[in-house]
Amino acid sequence: MSGTAPTPRDPDFAARIRRSFARQPFMAHLGAELVSVAPGTVEIALPLRHVLTQQHGFGHAGATWAIADSAAGFAAQSLMPADRTVLTVELKINLLAPAEGRLLARGRVERAGRRLTVARSDVVATGDDGTETAIATALGTFMAVEGLAERET
Amino acid sequence: MSGTAPTPRDPDFAARIRRSFARQPFMAHLGAELVSVAPGTVEIALPLRHVLTQQHGFGHAGATWAIADSAAGFAAQSLMPADRTVLTVELKINLLAPAEGRLLARGRVERAGRRLTVARSDVVATGDDGTETAIATALGTFMAVEGLAERET
Amino acid sequence: MSGTAPTPRDPDFAARIRRSFARQPFMAHLGAELVSVAPGTVEIALPLRHVLTQQHGFGHAGATWAIADSAAGFAAQSLMPADRTVLTVELKINLLAPAEGRLLARGRVERAGRRLTVARSDVVATGDDGTETAIATALGTFMAVEGLAERET
Amino acid sequence: MSGTAPTPRDPDFAARIRRSFARQPFMAHLGAELVSVAPGTVEIALPLRHVLTQQHGFGHAGATWAIADSAAGFAAQSLMPADRTVLTVELKINLLAPAEGRLLARGRVERAGRRLTVARSDVVATGDDGTETAIATALGTFMAVEGLAERET
């Protein structure tokens, strides 16, 4: 996105995304929190706890992937018209370090198209002292979909 | 793996993988079940329920990714020596259809190396009548790791 | 594609793909040959020679990627209407062994959609004795495009 | 790489990479030029010409992928000890716009490990007026290899 903040097509995009996030039972099941929403960028936090870990005691990559996907997908949706919702076409993740502590996924649009949007997510572990450790980086393709209703929760 | 079943380096591989699976609290949090373990192939099932869904009522791709990753990773581990455990280096998934019903992830080793193994996972939705619908296909890289202890649960 | 050969929407698909292949100067620059075209599957061969190698004397992965991409893309195009052409949205490749000798890329459609098609390519090195060595495996997303003219060569 | 330039383990890294690049006949076959080499970042340019195009007259994605792969791989090699060479484990690319004019691939290390390095490449088309158009973005895994001799050319 060449550093410049793009103009959202839907002035109400932030409220719409907060609504969509609240309608994802899986985010609640993980314990993920929507931290920030801006045009083309969305942040989601996930405090790791025992139920989210794998056999070595680290956070399971599936939990990391889930917030990376949602952050990138909502970043893509933030630039779409109000009547569109977003579906993940494909997403690739590289895991950089074992996941521990509090995760923060930063989704960012790389290129917004009419139908397809390319977005990335960088996931870091944030320390109480403000330090950040790179945990994962993801790159994917998201599709704008019409007439796919979101269910009420 | 060119159709021929490879010879596992650890005769006890199946029990070892069932142990590792049982040590993944995240798999229990999702409600995933280890269905089958064979040399180079592992199957994991996930009955979808409300807490695993996204805003459109379908299974969240994070749940699909998690069993695809575990099935492929354990398939890789099934061909590793007894003192090795497996870590996901990277995994790419293409989502083919909305996830509904009971998911089944089939992990399969494509090429087993000494340190790196390439494996894939195909995720289908299985109907009561035995029909299968392709939900996702994933391809990734897994690393054999020494001296990484699995915690007791 | 679950083993069953799909029905092409364009009965003239094979001639159309051979025409498109002939209109790719890059395939000629590599020395690639279109080996076979069937509904949902396309094979492209590439005899490696010095100009295609990297610093270790093996085929450069860029040459392997190029035929993997074209084989998968044309496999996708083989199931599209006559007025559509195909563009690669994204493609991920895992390199399995150093490329030597004669490469053969087998493109295969995994799921054909109206706009997006998911296809894979497996690249092998074929020996004179009929043996095959797995060189690479690729998975990607391809888009059907209207009104994009192919230039005459 | 958090913005700070890492310290190369081999003080002679730049000369070593220029040597390796010169030993890649495929880069010469494409007409690619090594533009810059710094710790953790490498730039490769490719002026597009007819032999590099596909059926629509744009640069073939295989040419774009090849310089993206080499730029990221050499960026990874720039931080490796003098006795190591680099192999691509896997690389995923998203194509953002049709390739025309002069391409520039910027490879950058995301995380340098002892054996595995994660690096990305962003490919832009550079105009005579200094403008840049995003053409592709790639993310991949590279392996440090010992005792793999580079051939003399």
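The letters A, B, C and D name the chains in turn, as written, and every chain counts its residues from 1.
Throughout what follows, a contact is a pair of C-beta atoms (placed from the backbone, for glycine too) under 8 Å apart; a residue touches a chain by one contact, two chains touch by 3 or more.
Predicted model, so just to flag it, every value in this text is computed and none were measured.
Most remote from chain C, judged by the distance between CA-atom centroids, is A. The chain pair with more C-beta contacts between its two chains, of C-D and B-C, is C-D. If you average the CA atoms of chain B and of chain C, the two centres end up 28 Å from each other.
Per-chain Cα centroids separate chain C from chain D by 23 Å. Residues of chain A in contact with at least two other chains: 89-90, 92, 94, 118, 141.
In the complex of the two chains, the chain C residues touching chain D come out as 20-21, 23-30, 50-57, 60-63, 65-67, 69-70, 85, 87-95, 148-151.
Contact residues of chain A toward chain C in the complex are 89-90, 92, 115-116, 118, 141, 143.
Interface of chain B with chain C (complex): residues 2, 92, 94, 96-97, 110-111, 118, 120, 134, 137, 139, 141.
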